[in-house]
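Here it is, the structure in full.
Per-chain residue numbering starts at 1, and chain names A, B, C and D are given in the order in which the chains are listed.
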Amino acid sequence: MIEDIELAKKIIAKRIAREFKNNQLVNLGIGLPTLVANYIPDGVNVILQSENGIIGMGPAPEPGKENPEITNAGSALVTVLPYGCYFDSAMSFALIRGKHVEYTVLGALEVDQEGSLASWIIPGKKVPGMGGAMDLVVGAKNVIISTLHTERGKPKILKKCRLPLTARHVVNMIVSELGVFRVTPGGLALIEINKDSSVDEIRANTEAEFIVSDHLKTMEI
Amino acid sequence: MIEDIELAKKIIAKRIAREFKNNQLVNLGIGLPTLVANYIPDGVNVILQSENGIIGMGPAPEPGKENPEITNAGSALVTVLPYGCYFDSAMSFALIRGKHVEYTVLGALEVDQEGSLASWIIPGKKVPGMGGAMDLVVGAKNVIISTLHTERGKPKILKKCRLPLTARHVVNMIVSELGVFRVTPGGLALIEINKDSSVDEIRANTEAEFIVSDHLKTMEI
Amino acid sequence: MFDKIISRDDFSGMLKDDMVIMVGGFLGCGTPETLIDIIIASAAKNLTLICNDTSFVDRGVGRLVASRQAAKVITSHIGTNPETGRQMVDGTLAVELVPQGTLVERVRCAGAGLGGVLTPTGVGTVVEEGKQKITVDGHEYLLELPLRADLAIISGSTVDKAGNVVYNATTRNFNPLMAMAAPVVVVEAKEVVEIGQIMPELVMTPSPLVTHIFKSEKR
Amino acid sequence: MFDKIISRDDFSGMLKDDMVIMVGGFLGCGTPETLIDIIIASAAKNLTLICNDTSFVDRGVGRLVASRQAAKVITSHIGTNPETGRQMVDGTLAVELVPQGTLVERVRCAGAGLGGVLTPTGVGTVVEEGKQKITVDGHEYLLELPLRADLAIISGSTVDKAGNVVYNATTRNFNPLMAMAAPVVVVEAKEVVEIGQIMPELVMTPSPLVTHIFKSEKR
């Protein structure tokens, strides 16, 4: 196991950043997914959408150049690149729901071998609400879940989610610090593994059933 | 009867123009309804909508000032007033269907005592299509039908429309050169009469049943 | 010709208990803060708020939760305002959580005269409870219904005296949609300009939708 | 970074028999006339056209009716193009007439990932034939379904090299909606400008929706 959580997050973000092709439209969720933007390879232009109404979102503004009218979906001050634009929430979710966003990257409370996701409520404990997550996972062409492999020692990749769902059967790929899974019609397949992990370690920390791909590769990060 | 069709149309247009209050949003159909714009009383600002994407439509441009990118829903070149704006067809019909337009004024092939309207097709003869008319009559707060009282001697205000409908039970007011009818839950009521006509003449030229209002007034034009 | 500019007292006079109020903004960006000040200064209570999120206790629509003037909130996210969760748990505030894209379309339906939309969002989740499910071409959808309000308060960056509105950058969000979904629409204008000063293609909310203009008192 | 500008031959190579093509414009205003020239010069036949109207025999999308390359038209109005009526009567052209506001919403549904909308328009008329009727709150609505295309051709006034589009005046109409409802979207640009030349608030079709830019050959 990778005990250093910051290192684990960095591994996940770096791996996901390799997934995108030039000029693809991508929406990164709050938290861990946001880190992905820091690791986009040189030469790949990823167009970032923010569901509050931006295409072409850029990095945080330089000190002294903050504009309180340019925020992202997490209310952080951001910038907009020269090719960027603004729009209202109807256009934003038309883009999201209408399969115009190539990738959405989101975190998870639980994710399961059927590609179902729970990410918005722990009844009786924490009720932040679903925000745009339910639309993003239903509407984006590809859904990538970024998640630490376990939380307080307990697996997050389950046979079946127990918390209320964000959506069912929508996840395409799960990236943890230990490896990469693809959700296939036949079930979960481990397709990449961290060079510092092992299939045994992953089995021991995963509740979901999964097959190991014949083409299992080392996770490139 | 008023035999001069141009005079008849002018009477209708002038009467309808008196109906509007300051700053109301109005959509005038092609043909006779368009004439209404010429008779808006001084001091009354009527805001004209054109369903191809204008609010604040102005008159035809002066010679030499035509802009081929500013047209109305009949493809005529028009102008836009200083308070005007442009939008797409989704916004245009959201305004129309969503009860944001105070009055729509349209012509009719037939209109009946139940407030149903036929205006878009004579099967086997003429099939122009409904364009925006079906949305306008369903969506506008008030539907005024402008129509010559008869066509080739035959009544146009019927007991029940025989042609395929534009919509049923939507018309609020019918203005012809002979008089003004209101469509009420109890049926058609003649509320104004042209000073050169008579109730007998109107009865003779109207298929629909109607009551004569206790407050019958002379049509002000 | 147009006479839409109103005072604090004018706006205060529009407020009533039990009103349904839509409030523009996204985590406080693009929210009419002065109008919220006036609601807080008023005695209006038992309000139903329709808003993207409940922002923060000290900023945006969330201040109306903190002031305990809301009895119900219809929103997509309450995670940034601990007061919303607290009142929900103690039973003094009803919270209806709606997926953000569904909230947008429900507001749009009301404004556009549509009876509802079919969305794939929420199928197979608790969101589908109590809703009609309709299958089209083998795909399941939820029928989501219009959301209307008695009053919409929105924030505009540049507003001309006719009521045409331009929203800068990400202040746009729900504002133009809410401007269509209530019979009374008050825009809090950062800047009020003369008619003719706004490029007609740039207008995002056409003037007839705006019933009243209030000049913002914020910087 | 962006490489979206295409030639006549590139566009010609995209055309296939039996394609469903959306064409922007309102009675010829805001229609990509050069792209229509190229379709006419091509051998493409048996097309289905989705368009607000069939404009005129010599202008706008109506030229594709006059050239007899269309087998079907889905539109709201054919009255200005006598050729459409003639071919409909002689049985060589299928015409599906759709109320204009319904046509807009059907195109929007496809672009926005919605399964359909409920509209009051057409209730009690022949438009309701074959459609599901749904009652909400005592009001009857028709369930209208999404309309998609294989290709959308639109007309843009100012287009930057990334593909952001601004439409002048009434050239906007259906163009931004159609730009969302097809996997391939070609914009015929009156003017192509460098990235950064368009005010980001003014963009009406965001760049990722535009797959190709063609420089108009019309004045």
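FYI, a contact is a pair of C-beta atoms (placed from the backbone, for glycine too) under 8 Å apart; a residue touches a chain by one contact, two chains touch by 3 or more.
Given the structure is predicted, the values throughout are model-derived calculations rather than measurements.
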Pair sharing more residue contacts (C-beta pairs) when A-D is set against B-D: B-D
Distance from subunit D to subunit A - Cα centre to Cα centre, in angstrom: 35
Centre-to-centre distance between subunit D and subunit B (centres being mean Cα positions), rounded to whole Å: 29
Centre-of-Cα separation between subunit D and subunit C, whole angstrom: 32
Intercentroid distance (Cα basis), subunit B paired with subunit A, Å: 55
For subunit B, residues that touch 2 or more chains besides their own: 80, 86-87, 90, 93, 96-97, 138-139
Sites on subunit C at which at least two other chains make contact: 105, 108, 113-114, 119-120, 167-169, 172, 200-201, 204
Chains grouped in pairs wherever the two touch, ordered by label: A-C, A-D, B-C, B-D, C-D
Subunit B partner contacts - residues on subunit D that touch it in the complex: 26-30, 52-53, 75-80, 85, 88, 95, 97, 99-102, 104-105, 108, 119-127, 157, 167-177, 204
Parts of subunit D lying in touch with subunit A, wherever the complex brings them together: 1-2, 108, 110-114, 160, 162, 164, 180, 195-196, 198, 200-201, 203, 206-209
Touching residues on subunit B, where the partner in the complex is subunit D: 50-54, 67-75, 80, 86-90, 92-93, 96-97, 116, 127-135, 138-139, 164-169
Parts of subunit C lying in touch with subunit D, wherever the complex brings them together: 105, 109, 113-120, 132, 134, 136, 139, 141, 143, 145, 166-169, 172, 199-202, 204
Subunit D-facing residues of subunit A, complex: 23, 25, 45, 47, 55-56, 80, 82-87, 90-91, 93-100, 138-139
